[in-house]
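What follows is a set of structures for review.
Two complexes follow with chain A in common, the first pairing it with chain B and the second with chain C.
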Partner chain A sequence: MPALLRCRLRVILVYKAIGNRISFLTFDFRLRTNHQSLITNHQLKTFGYTINSDRQIDYDLNNKMFRDYLVQSEPTILRCIACGSCTATCSAGHFTSFNIRRIHTLLVRGETKGIRKEIEKCMLCGKCQLVCPRGVNLRNCILEIHHSLEKFEK
Partner chain B sequence: MTFNFFVLPFSLGLLFLLVSIFKRFRGWIRDLPDEERKKFRNGFRGPKFFLALKEVFFESLLHRKMFRKNPLLGFMHMSFAFGWFLLIVVGNMESRIYSGLWINPPYYPIFLKFFIHDIHVLPFEIFTVPGFFRFSMDLILVFVMCGVILALIKRSRSNWFGMKKTTQHSLTDKVALISLWFIFPSRLLAESLTAGAFGYGGGFVTQYLGNVLAFLWPLSDKLLAYGFWWVYSLSLGIFFVTLPYSRYMHIPTEVLLIFFRNFGIHPHKEYSAFSEVEVFSCSRCGVCIDKCQLNTDAGINDIQAVYFVQSIRNQQVQEDISKKCLVCGRCENSCPVGIHLDSLRIIERTYYSIHEKSDYSYLPKASARKAEVVYFAGCMSHLTPSIPKAMSNILKTAGVDYLFLDEERTICCGRPLSLAGKEKQAQELLQSNKELILSSEAKILVTSCPICLRVFREEYNLNIEILHHTQYLLDLIKKGRIPLQAYFKRVAYHDPCDLGRGLSVYNEPRELLQKIADPVAVEQEQSGSLCCGGSMGLLTMLPEQRDAITRATLGILLKDKPDILITSCPLCKKTLSKYAGTPVMDIAELLSSSLPVLEGKIVAKNSQNAVFSE
Partner chain C sequence: MRKKVIIIGGGVAGMEAAGQLSAQNMEVILLEKQSILGGHLLNWDRLFPTRRDSAEVLDYLKKGIGSDINVQLDAEITNVKKEGSEFRVILKDGRTFNSEALLLANGFELFDARKKEEYGFGIYENVISSAELEEFFRKNKHPDLFAGIRSKRVGIVHCVGSRDEKVGNLYCSRLCCVTGVKQAIEIKELLPDAEIFSFYMDLRMFDRHFEEMYYEAQQKWGIHFIRGRLSEASENPDQTILVKVEDTLTGLPLKMTVDLLILLVGFIPRPETRGIASQLNLNIGSDGFLSPEDVHTGANSSNVPGVFLCGTLKGPGSIENTIADARAAALQIACYLSV
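Then we have the complex of A and B:
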């Protein structure tokens, strides 16, 4: 049951407001069996499972410049409800795994690894913008993502 | 007596003006690419030179285009430009005859009435009427004064001239403007007072006005006249010095622009000397402000073409000003100077993405089934699936051997990218699509999207017939291949920007509509049509403001309460149907629904998809 194992490896975020800044404390619960003994990597591999790479998100360490820049240059990005309509209609998405919703989520979190390669696939046709129920200026978002990558990630 | 110190401000100003115009013109001509510079030089020898001269006369002096659009505004500009031109020409003739020399100091004709007061019949006037020059110079001055008075009225009552909003001018512009206002009234007063003081030498206006003034202030009139000659010279001098740095630089530059255009020099895709000349030709008349829907409907009044061009000229273009534009072409269409405002806007956008790259290597190597006709729906038509469906239905009924090129997945045509200033990236998509289209060996490419159509026609160089679906369907109807059924409903037609102003396809959709429906007149149609607000050209704006534009456009389109609102662009359909309340249909849909029901006989064999070999 790979799905079950994967969701056991979960990340719990505890929000703690200090002044006007929010810090995120992260806890990592290791996988445990019913007998409370740790399953080793070796054991997992024997059964044909792999462990996904660690997905802890440390908001304090992530680069929030992108988010701030995007919000400032295209404020409608804040309206996004992550419904994924944009991705469902995407022209580039018919050819590749290009996923603008995912890119948006990652960038807002401050994770920029591999974004540049992904965003370069966009054809800027604008279908996403037309189907967006929240009126996000997606074409400009994409232009600004390009722009911010140029700016902060030379 | 042929000199007085008051001629100095004028003479120095004129010298400064001529030197700076010469420097600028030389710079622009030097910056032209070699080929165009050659064209420019050769142009002076051929018949094009005379065509250019004719255009200069009609546009720069008579303002014919402006007259057609707004007679009062046209008259105001004509009285300034043509009147001043006549003053210079007739004044020069007069002064030359008086002095008997071919060469005069340049100030001599301007201040002639100060230096010479007499009522002699001049040699030239023997052929015409005695006092011809005095009379005509006064008449011309009155003509120019009409312009001045109209200009003053326009400042406070611009709505009398049909202008709701006028340009907000910079400081230099204001200084130049005020000095321009002073020139002719001070000339009139100076000439009148001089004529009044001497008791002779004036024309039919200046002499009588002078006599009246001399009667009112009998003592100080000579000194007063002298003072006004100073004011006249000073205001001319100030105007000449501010001219190269103000909007009035359009006066000399527009002449150069007309020569450029007539000699076959065209705008480029990047900022060129031609663009620079266009930028300096903008007179900031502000005609574009009222045309801009961002101003009239969305309440944004600092990004209009006039301010945009001004910011290019001052070399301080804000990202916002180049991005906030529908690129609908309404300003370009209304511009009396004929500046390529849309392409300037796009050129300016290229600077923001100059280092950015794209990677479209994922696009499949194309090969498509062979067919007579290729139908390309485009991205937008896929958002309105009823349009491709209707097209398929019609084409099947007509028995056309067609290929629906992008039935499953579309490669964007590239225009959205080039509208965002990414010309280089657009070329990649263009190449992919071109290969795909050509691999079908079709003779006709039909598209239901004007955005795609424009780029197909302007950039693709396909060497096959490229038609909008309205054009193709009309052709099929004329050939009798589509059976029609009476389906008369009152419809209003909305001209899409790219199809209408972009490609001048106005008649075919209307002709087609005449056959299947009952079109009602729309207030702003054809080249004056409004943008639906969904434009791909607009990069950033609040969606609420976009919606305001859509609502305003709908208000005009639905004024006569048509049964159906018809358009021929999927993007317009998608945008307008949001708030229409009335059904919005593409022409193809209307035509498809007016086809007689087929009784089990499907004429066309099949419509297999494009085959991608990956």
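Then we have the complex of A and C:
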């Protein structure tokens, strides 16, 4: 008998559509036989059913107004080949989770959630633009992202 | 006496080699399985990277086929033998030809997309292959008859039948990437309001001007490139196609509806080539294409003296590559026969 036997069953009991997004209703069951490690209060609170929201990009539902505005105001945004040079050289990215390459990719897919918080980490130093092999005007992209947030996400 | 060469395959490689060998005063017998010369070129509408009409290249190749070339159409080969230093090719209908050298230019076949059942080719009306789109361009010059409506959104799937152990093909077909970009631009020219998405694993824009086409597709035409390999395509009740993919650059699963899904089918070796190779004891590579004597320095000769190889029976290649390869093979045959 091992000292700690942890059995975790994650059983998808049922899934149901909420709006147009599929959400999973999941059930967590933890069994611990180690006498030293009894079920904690926290685990008791989280025991049972939780709803996980869909993390899938649903392109059909996403609002492309934001993206279309960016493309129009800074057309070089279309040239990105996702090489990651910008993010590798990014001053902000060395100290925070800021990833301009990923933000760009999310925006062109119409994913705008959480962008405001992320884009504020940029210090507009412009190193990203210096290294971009495709000549994307990244500083202006970031300014236009700020403008479009003002415009569409008030 | 003029030396005799039999060429098997009357596509780009065979036609070019025939013209070149004939110009060097050799007696050429050109065997073609179909009832017309031209091979795959007959099915292509416009060619990358210039998007010129494929008929122009065909006209060039036809000019090389003079009256002194013995063209044999509907030539289905049953037996190829080497007797001493002579070759004997016997056709199904009994026609027999002899020569001192043999040039194999059998070419390739396109991957049958039905083998990737999860993409729904042959099941859903609005899932088509890149070859079908070319055929459609040739005949109708408009892609939306497939959807029965104006296609608002078109998906293009790269690497169908290539780089895929599940269908037994580990190799890259090399030219589907640029074909996909070319076709995306062509659709956009016809349907300027359409949104076009390319689903790719890697974009291999290896040759001259290919990267420029990719740049043009992004900047001028606004074509979207999503890095991720389609997991499945399924049909909605209105016959549009729902595609599922991981958008690997965001690390999130993605789904979208498209009106038309185009599968970029890759190159596969011809099954007939395998038969000929076994009759002549030719070396076949692990990918099923024929192996040259030396991959760097003897790309046109085989392991059997007098048997030469050119074109896409050695693996995926463009028209430019194939024509250059056919000329190289012709030169090598001329050297071999003059000794």
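As a convention for this text, the second predicted complex is superposed on the first by the 100 of 154 C-alpha atoms of A that agree within 3 Å, B and C clash if a C-alpha of one lies under 4 Å from a C-alpha of the other, contacts with A are read in each partner's own complex, and residues count from 1 in each chain.
The rule is simple: contacts are C-beta pairs under 8 Å (C-beta built on N, C-alpha and C of every residue); 3 or more make two chains touch, one makes a residue touch a chain.
Just so we're clear, the structure is a prediction, and the values are computed from it rather than from any experiment.
Clash-free side-by-side placement of chain B and chain C is the outcome of superposition onto chain A. Of the two partner chains placed by superposition, A:A88 touches none, neither chain B nor chain C. In the superposition on chain A, A:E74 contacts chain B only, with no contact to chain C. By the touch criterion stated above, A:K127 is placed in contact with chain B alone, chain C being left untouched. Of the two partner chains placed by the overlay, only chain B lies in contact with A:T96; chain C stays clear of it.
By the touch criterion stated above, A:V108 is placed in contact with chain C alone, chain B being left untouched.
In the superposed pair of complexes, A:I51 makes contact with neither chain B nor chain C. Shortest separation of chain B and chain C in the overlay equals 11 Å (C-alpha atoms, whole Å). Looking at chain A, you'll find residues 76 touch chain B in one structure and chain C in the other. Partner chain A is touched in their complex by these residues of chain B: 323, 352-353, 355-360, 362-364, 379-380, 382-383, 408-412, 416-417, 420, 422, 425, 429, 534, 536, 539-544, 546, 571, 574-575. On the chain A side of its complex with chain B, the touching residues are 74, 76, 89, 91-92, 94-96, 117, 120-127, 130-131, 135, 137, 139-140, 143, 146-147, 150. The part of chain A that touches chain C in the complex is made up of residues 55-60, 71, 75-76, 78-80, 82, 101-102, 105-106, 108-109, 111, 134. Looking at the complex, you find that chain C touches chain A at residues 215, 218-219, 222, 224, 227, 247, 249-250, 252-257.
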